[in-house]
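You will see two complexes here that share chain A, one where it goes with chain B and one where it goes with chain C.
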Partner chain A sequence: MATIKIERDGAAGAVPHHNSSTVVAGRDILFGLYDDEVKLLDAVKAANADHLDIDDVYTPFPVHGLDPLLGLEESRLHIAGFIFGTIGCLFGFGFMTWVFTRDWPIIFGGKPYWSVPAFIPITFELTVLFASVGMVTVFYIINGLGPGAAPRRLHDRITDDKFCIAFDVTDMSGEGVDQLRDYFDRTGVETVHRKMVPA
Partner chain B sequence: MENFVFSSRAKTTNLVLMGVGLVCLVISYFADGGEGHHMRFWTNFLHNSVFFLGIAALAGFALAAFTTAYAGWFVQFKRVWESFASFLLPGLFLMGVIIVGVWTHSHHLYHWNDEAAVLEDAILTHKSSFLNKWWFTFGTIGFVGLWYFLLGKMRNISIAEDDDTTDREFTYYRRYKKYAAIFLPIFGFTSAALIWQWIMSIDSHWYSTMFAWYATASLFVAMTALTIMLLIYLKSRGYYLGVNEEHFHDLGKYLFAISIFWTYLWFSQFMLIWYANVGEETIYFRERFDNYPVLFWLNLGINFVLPFFILMRNDTKRKMGTLFFASAFVFFGHWLDYFNMIKPGARLTLVEMAAHEGGHGTEEEHATMDHGGAATDHAGEAAATHEEAAPEEKYADATDLEQGTNLEPADATTGSAIESPGRRITAAEPEAGVPATTDFRGGPPTGDGTEGPREFEAIMDRNEVDVFEPNHFIQEEYIEDQEMLGHLDAAGGHDEGEAHTLGFKSGYTLPGLLEIGTFLGFLGGFLFFVMSGLSKARLEPKHDPYLEESIHHHT
Partner chain C sequence: MSGHIAPVRQPLITGHKTYHQITEDICRPTETAPSLSWVITFIISVICLGLFAFSVAWTIWVGIGSWNLNRTINWGWDITNFVWWVGIGHAGTLISAILLLFRQKWRTGVNRAAEAMTIFAVMCAGQFPLIHMGRLWLAIFIFPYPNTRGPLWVNFNSPLLWDVFAISTYFTVSLLFWYAGLVPDLATVRDRAVGLRKKIYGIFSFGWNGSAKHWQRWESLSLILAGLATPLVLSVHTIVSFDFATSVIPGWHTTIFPPYFVAGAIFSGFAMVLTLMLIARKVLHLEDYITIEHIESMNKVILLTGSIVGVAYLTELFIAWYSGYIYEQFAFLNRVLGPYYWSYIGMMLCNVISPQIFWSKRLRTSLFWTFFMSIFINIGMWFERFVIIATTLARDYLPSSWSYYVPTWVEICIFIGTLGLFFTLFLIFTRVAPVVAIAEIKSILKTAGDQYIGPNAVAHAHGHTSKVVHHGKTVAPEVNDLQAGGTVDIDGEKDKPLD
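Here is the complex of A and B:
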């Protein structure tokens, strides 16, 4: 049993009802909230079967098996991680080599200046540091996140305990929207909402 | 297919492998004859026995650890590990041969088993409360027997569970878990004690607190690699259809992670010894650096660089081809790792014994040579290659030679004094109860055999002079040769140092055909046992409470 609610996006200011004739730059999103990831997965499968064009799916935690259903490509973030890690590795080792052989050579415990075994732990640490910090930075930049970024959420409980399937209905006819509502009803949705978001 | 059928073709293959192994063992027994104390045969036998016995034990460990942690993903193929673990019994028989050898003195794997050597050697005397044949015998039989008892219980419970359809309370599973929890701490302590006795005591003066971890991690990787290869084989024969890329992905992660863990331990052991630079510890790496560089670096390449770069990516762990390739290499690599742990030490024992038997000098000279192990090496090598040289010459030669390259506390030559004046002076102090003259296998002679306080003072004097040598000498020399171990070739020079190097010897420097054959033979025997174990019970434990989770496992 679906309850249809029409909401206003507080953060974006007054957002007109979709039936109103006012033209606003933005996207009109119809989304349903599910209370269980199993229902969500079944609903995504049903949408694929009906050839419905899902805009996006939002979940509070990673759901196994969702990516292949949505046809998402494998993330390329780890390539960034590898590159940053390599840079950190070379930087750490090169820096210590420069310091201990050129800039400020000191003998420690009778060891050679260029003491490779002593460099390895620090090289390792810098590899990890560069890889992790680099990956986080890249991730933030790509996703528009990070300190100061305004969070764009369709619904607060998506970050808590609800699983959301969203459709873009900006250019959709009334029948199309009704068809989507039918679909939500069929797949055991808890609530359906409609919301204007900035493009 | 519910049960594994041990096909006659697989049987034949394994039996042929075992035949090859047996032939290689027999040949290696006669290859180096009585003069070499059949060392090649005995080291090969010990090497492979410990390696496959260890794989069996580590399969039991994985089973017990995962069960105790409420893991479910591996349950589909847990019969494979149960079959691995039942190789403990034949493994115990193989170690029994070594035990008989210890009592009858048929082999000279362990220097601590030579009563005469122990008596005149302070370190071995000190260690003799642990390194003795009683401990070796009852430790091996008792501990491996205990493992076999606990893991055998687990296997029996697991098989009995299959036939009981009325068990609603998972009583079998609970009992299984109880034995797993009992096994874990017992295995943790006893496996360390056994690996010290079986492997580490081959270098009987040497010790490392990282060794048990290091050797066990090596076995864990080998066990995971063998499991992956066997599962891929079983899948190709139409078994284990439910074991899919998700399970292989997890096994691949273990292969990757434990390979890194092994490297971490390898490096920790190396770096601590390198940093402290104490002669009795560095001897282990010095020996391998000087005489086994290919083996030493190949070990690190196969077991770290290769799996690290192959298995780093997600998809290589999910494709059978790359996973099998990496597993095969790493499996052989860790066999090579054990080769590297065993052979150089055993060869050193041989060299030492040859010196014992070959040296006909006066008693005083003889004693000095025993005490300064490195000097003995050299003399031993001379004896082994049938070079007739007067004992005095050998001794003098060796002394000059070793002064530059050794890290012995009492070694107070120019180069070594620079290395760490503070440590050297304290280390040169005679320990209470231990004669200052004696002891370390790696050490050069500390004097002319009349050492005592007088000798110690002399060392102190020399140290004081050397400590204040101008620094430019060190800098130039060190920038030039930048040797990894920070070693002190300064005084001796390189040419003489190389003269000390032990030559290439197949079966010691690198595995020869006989070693590979023996390895294949033991592998055949292991697989024969595992496959007959697999054919005796259902492949999948159908009433295990975690079977469903395992079937629907998602990485």
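Here is the complex of A and C:
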């Protein structure tokens, strides 16, 4: 039988007290750790069958097949990449065109001012540069990641070998939590933990 | 999870690893005190780096005249070294990007170190054009920025400027790609660390927590960056070759240069990856992650690219003869039989003839021969660039200005110095970051671990699932007998403070 461990999170220090208005800040998270991604996938399927509302799933590496089970839509990062790439392409070509036809036209080796083939390498490089830098920036921003960022971290072993399913039980009744505990037991969880995290 | 695995596939992770063991093995070098061999190598590297600083300062103080460049041979060791380092810097992105698109699983064992190597090699390469400018502090002039001199713009028609854009873009994209891959692994190190280390890794891991949505975006990002980096890596050395190919120097203005340079770059890059990885796997005890299968795969790439380079050398000679153009014919005759005939012999021997030993499976799976060949190819590819640059310039149109070039001690010291810079950075990297991509290795464990595939397989990735469910919560590891030593019961860590 997995024991539920109640943990305190940092300075918040509030002992989780489910379904209570005394908890002022933070979310009360009940999470189970599985030791294998196949068990995790089965558990997520079971949660879907039971209509349990999974808050998030945390894994040490990308687990394929998880996204559709969690109802995650395909990432739209590539659209950002395309937009930034287009900007880079137009900027590079437009800038060179402006410099050599408007701002400071110079004849190099008897070629026309607007020597399009010679602009291709730099246009290509700037397309790639803008797309990559833009997309990576968007990636970090939408994920809320960056130096000093502190998103929710539930357990140290999640980046090692444990696969975590988390439920938000802040506003949940005792029966609801018991139901989740049963669910964890049924799906072969290794340990179940409870933790207050900043909202 | 596993799907179908072709029976010819050999395991890429040996030693019946569990996920936790993978973490332990790969994080260990960042958590223990450095070995004596590391310290000695590091000291030597730092001394070489000091030599770099000194000889660069000497060049700038005395002037470019401290090099033996002359009116005829105005590119010598500097550009040779530049092209050599840029070439080496191609393997990382090739491994991480092109092999990702081709779904080659063996890339996961070597991609992290290869990408790091790429970044450091490009840094070394960048030194040479900068130093060659003489007035290093005016290097910003190469970028088109609004200035008070007109504004006077750079020449966008010049391949040298294309190079500026290509290499700075390549460096930036490689760095972003490498770091995006590193973030989840730095988080792994962070979650094992305590105290100040935890804080430092906390900053550098950007708060990664392994959320499903983050992983989904991370995979999407990796794939698109790979898609962008693939044409990029091909474009960079193509543009480096344009430095030569768009000139009007016989021996340089050949259309074969772009593909020939790209193949040469991959060839030399893989050789450098092998040199580093063979040492790293031994010193950092990564034999289970960088297996003979990895080494053999890389040797196959070396055999292929070495042969492409060989065909290119012969094609050059043929086309020079076939062109009927006497200056071109002379340039190549001079290349083979002229004053620098020894470097041509070195190039042919190291790059074309000797890699053919890898047709033998015994030799391409031999650590000794692989290491030996990797050094040989590094030397050979350096000779190739020297052959192209020095021999061509030494005998130009005007026999009265024909000359012979040997480097001064300053040029030699700068080259040795960049080796110092490279190895200093690489050695620091092996101490502070996981040298093998932990998350990516874990994600291929069930399709490439030797407990699942290969002759020693004892388990099947699917086999244990139903069994575990029947057992309820009881920890029922997939391979009980194997995990006895490696499984760490999470309940044993109850008292560990959690953040």
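Assume the second predicted complex is superposed on the first by the 179 of 199 C-alpha atoms of A that agree within 3 Å, B and C clash if a C-alpha of one lies under 4 Å from a C-alpha of the other, contacts with A are read in each partner's own complex, and residues count from 1 in each chain.
Basically, a residue touches a chain if its C-beta (ideal position, glycine included) is under 8 Å from a C-beta of that chain, and two chains touch if they have at least 3 such contacts.
Treat the numbers as computed from the prediction; the structure is a model and nothing was measured.
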- Would you check which partner chain A:55 touches, where first means chain B only, second means chain C only, and both and neither mean what they say? neither
- Message: Tell me the contact category for A:129 with respect to chain B and chain C: first, second, both or neither.
- Response: second
- Message: In the overlaid three-chain picture, which partner chain does A:107 touch, first (chain B) or second (chain C), both, or neither?
- Response: first
- Query: Does chain B (first) or chain C (second) touch A:168, or do both, or does neither?
  - Reply: neither
- Message: Quick check on the superposed pair: does A:115 touch chain B, chain C, both, or neither? Answer first, second, both or neither.
- Response: both
- Message: Between chain B and chain C, whom does A:158 touch in the aligned arrangement: first, second, both, or neither?
- Response: second
- Between chain B (first) and chain C (second), which does A:188 come into contact with in this model arrangement: first, second, both, or neither? second
- Query: Which partner, chain B or chain C, is in contact with more residues of chain A?
  - Reply: C
- Message: Give me the intersection of chain A's contacts with chain B and its contacts with chain C, in residue numbers.
- Response: 64-65, 74, 78, 109, 111, 115, 118, 121
- Note on the structure: As the complex stands, chain C meets chain A at residues 1, 18-20, 23, 144, 150-153, 155-159, 161-162, 165-166, 169, 172-173, 176-177, 180, 183-184, 187-188, 190-192, 202-204, 206-221, 224-225, 228-229, 231-232, 235, 239, 242, 439-440, 442-443, 461-462, 464-465, 468-469, 471-473, 475, 477-478, 490-491, 493-494, 496, 498-499
- Message: Considering only the defined contacts, which chain A positions touch chain C in the complex?
- Response: 1-2, 5, 7, 9-10, 33, 35-39, 42, 56-67, 70, 72, 74-75, 77-78, 81, 85, 95-96, 99-100, 103-104, 106, 108-109, 111, 115, 118-119, 121-122, 124-126, 128-129, 131-133, 135-136, 139-140, 142-162, 164, 184-191, 195
- Given the complex, residues on chain B that touch chain A span 267, 270-271, 274-275, 277, 312, 314, 418-420, 471, 474-475, 478-479, 481-484, 486, 488, 554
- Query: Once bound in the complex, which stretches of chain A touch chain B?
  - Reply: 64-65, 74, 78, 82, 101, 105, 107, 109-118, 120-121
